[in-house]
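Pasting a structure below so you can have a look.
Labels run A, B, C, D, E and F following the written order; every chain starts at residue 1.
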Amino acid sequence: MPQVTVTRRVRFNAAHRLHNPDLSDAENRQLFGLCNSPNFHGHNYELEIAVRGTPDARTGYVMDLSELARTADAVIVEPLDHRNLNLDVDFLRGINPTVENLVVACWRELLPRVTSGRLYRLRLWETENNYAEYEGD
Amino acid sequence: MPQVTVTRRVRFNAAHRLHNPDLSDAENRQLFGLCNSPNFHGHNYELEIAVRGTPDARTGYVMDLSELARTADAVIVEPLDHRNLNLDVDFLRGINPTVENLVVACWRELLPRVTSGRLYRLRLWETENNYAEYEGD
Amino acid sequence: MPQVTVTRRVRFNAAHRLHNPDLSDAENRQLFGLCNSPNFHGHNYELEIAVRGTPDARTGYVMDLSELARTADAVIVEPLDHRNLNLDVDFLRGINPTVENLVVACWRELLPRVTSGRLYRLRLWETENNYAEYEGD
Amino acid sequence: MPQVTVTRRVRFNAAHRLHNPDLSDAENRQLFGLCNSPNFHGHNYELEIAVRGTPDARTGYVMDLSELARTADAVIVEPLDHRNLNLDVDFLRGINPTVENLVVACWRELLPRVTSGRLYRLRLWETENNYAEYEGD
Amino acid sequence: MPQVTVTRRVRFNAAHRLHNPDLSDAENRQLFGLCNSPNFHGHNYELEIAVRGTPDARTGYVMDLSELARTADAVIVEPLDHRNLNLDVDFLRGINPTVENLVVACWRELLPRVTSGRLYRLRLWETENNYAEYEGD
Amino acid sequence: MPQVTVTRRVRFNAAHRLHNPDLSDAENRQLFGLCNSPNFHGHNYELEIAVRGTPDARTGYVMDLSELARTADAVIVEPLDHRNLNLDVDFLRGINPTVENLVVACWRELLPRVTSGRLYRLRLWETENNYAEYEGD
């Protein structure tokens, strides 16, 4: 019974800034530099969602990627796309939206919604040069 | 003795449809949607072939990637490129060509042919947004 | 009044083969090689649709790219995605689906539907290494 | 004396929203949809800057691309990167930051600074699927 | 009779340095900086070869891209791939291998070999951020 | 306490050849083929540097990627970019610069410099089709 990992990529375009409200403005600027710019900047984020399991004998699917895409649309793209990650998103309240914190928050949203196979890895690209991965550890 | 993984990407352009002959046409349409279109559709597939081992002291190679490319041409590209994955390929007879089933089938073809290092991981891209990985588990 | 060109990329995955029914099978094989394989192969096509004009003073748009995307979905993606370009598409009847013939056929479908600005250039990618461009000349 | 076009790509990550202050909120929402979200969203922009001329006999350069990169850093990247295009940028005051309006505004900034060869074309990517081009017409 | 442009991309990996032998070492260093490093550096070059013409009624081809690929292999890839552009290439003798000079030199090699349609444009990528285009002007 | 992996990509353009000085020229040519060309060839290398750890409660960072970029500039880009990997680099003396040997050598340079989180994986791309990965095993 082979264990296969299937991955689906989704995209969202969002504004954010890095800012810890428990620190002074000077500390925030010193820690986060340009990423702390007060009026936000933004990114074309790409999230790769990996689900692992045994392909179903009837369908040949670990998980129907169309269903995974619909889940990802509802849980990730609808709340995050064309939004401000500091101000607009319920599941990010109180979270400084670094790529590390974002990938963990996305994991928590997706985990209960993956019912065929198991959520295995998320990779979140912030720019073409930076990404974060989380596997639930 | 470092363990290094080297990867070579190969490409093939093929037609396929998702279809389980044990199910009715209505069930196939319901399960696979557009991917069940009767006259096939197709993809530019990309297969990343990863081989792991200790670099040879004389060559600095885990495996000569030119030899891996020749192996991949013989085992993967020649039988699959410009072919119909449902009709034309001996090693896919009776297999519903989902990306999950394809990556496992490619593994079985490649495994006995990798003689330097060991086959470690296959990643098969079906579109720029979907891929499957298999590590022999 | 600046003249700006905006481009939107759409994708479709389709099967095809190159075949001229006025020629013998032997001539077809000689002319088209693997691209003439009888049971079809396929590609992840990408079509870049460029529209040129003056940005509207009220919207700043040459053309609302969401509207262009809807038009492209109706005219290009819906009829071509997950289809067989030799068998399934009304506007390709009798056309040998080379990338050159396809880009001209797409132009003819899109031209009357672009009503803001003017259709300026189509670029159709068949593989990452091959594409055709047409500007209506 | 060959005429060659050299292109340099630069990147900036910025927040924006589409909004015409002369229109009501309802009209803005109707025209711009999600792109009008009040708290901004953002993109990883890529700007391709093309300069055309005859390669200099001494250097073989149309324009030293390192100098073009320094110019682009000063004129484009420094004012736009990690900024809000609606609020933070002097040369965008009063401009609705559609990709069309942005590419024309960048042209006006760059034109007087290209002193070797002549500015020939800008291509501004907003997402991997959308871009605008301007050639000064 | 539509005019269509087809493009084929080929690749070569080569070493080079920028150096004008008519200048002093100090002048070369000042003009070319790191690109003048004495022991060479290198690139994964990509050349896009565009041919323009009317698709042939019998084949649907402006030019058989397999034939164009064979021509490009013989004229461009075989002499340049895994070579030193300052030392190893007959058709580059005496040419400072800037991307501008290289694209013009490739044009001169390819022009007499394109016999179906006409050579229309070359685009030579030196890095993912830099390229030069030449159209024979 | 989630374990997250963050990755930063850096680039360098370098010349090299594959050559084992303990072997004869004929053996080298036989083993390495074109990669043994005497006057070098070159590549646009890309190195993905992955660091793993728990995001800091104060910053949300596993490691400040700007600091990682500065480290990578000092340790990898400055010594390798626009250099000859066989002749110019202290930490590659006596090493045949295969992609396997290079990725291990880069690991040894980076390991003592990553002080926040731990160096987790390097992936070194030599061409768009070949890469090597090393995780310190």
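One rule holds for everything that comes next: a residue touches a chain if its C-beta (ideal position, glycine included) is under 8 Å from a C-beta of that chain, and two chains touch if they have at least 3 such contacts.
These figures come from a predicted structure and were not determined experimentally.
Farthest from chain B in terms of Cα centroid separation is D. Which listed pair repeats C-D comes down to matching contact pairs by residue number; over half match for D-E among E-F, D-E or B-C. Averaging C-alpha coordinates per chain and comparing to chain C, the farthest chain turns out to be F. Chain B and chain F have centres, each the mean of its CA atoms, that are 28 Å apart. Chain geometry summary: the mean Cα position of chain B and that of chain D are 41 Å apart.
Measuring from the averaged C-alpha position of chain B to that of chain E gives a distance of 33 Å.
Under the contact definition stated at the top, the residues of chain C that touch 2 or more other chains are 128. Taken pairwise by the contact criterion, the protein chains fit none of the simple patterns, being neither a path, a ring, a star nor fully connected. Chain pairs that touch one another: A-B, A-D, A-F, B-C, B-F, C-D, C-E, D-E, E-F.
By the touch rule above, chain E contacts chain F in their complex via residues 11, 13-16, 34-35, 37, 39-44, 81-84, 87-88, 127-128. Interface residues of chain F, counted against chain B in their complex, comprise 18, 20, 22-23, 31-33, 95-101, 103-104, 128-135, 137. The touching residues of chain A, when paired with chain B in their complex, are 2-10, 50, 55, 58-62, 64-66.
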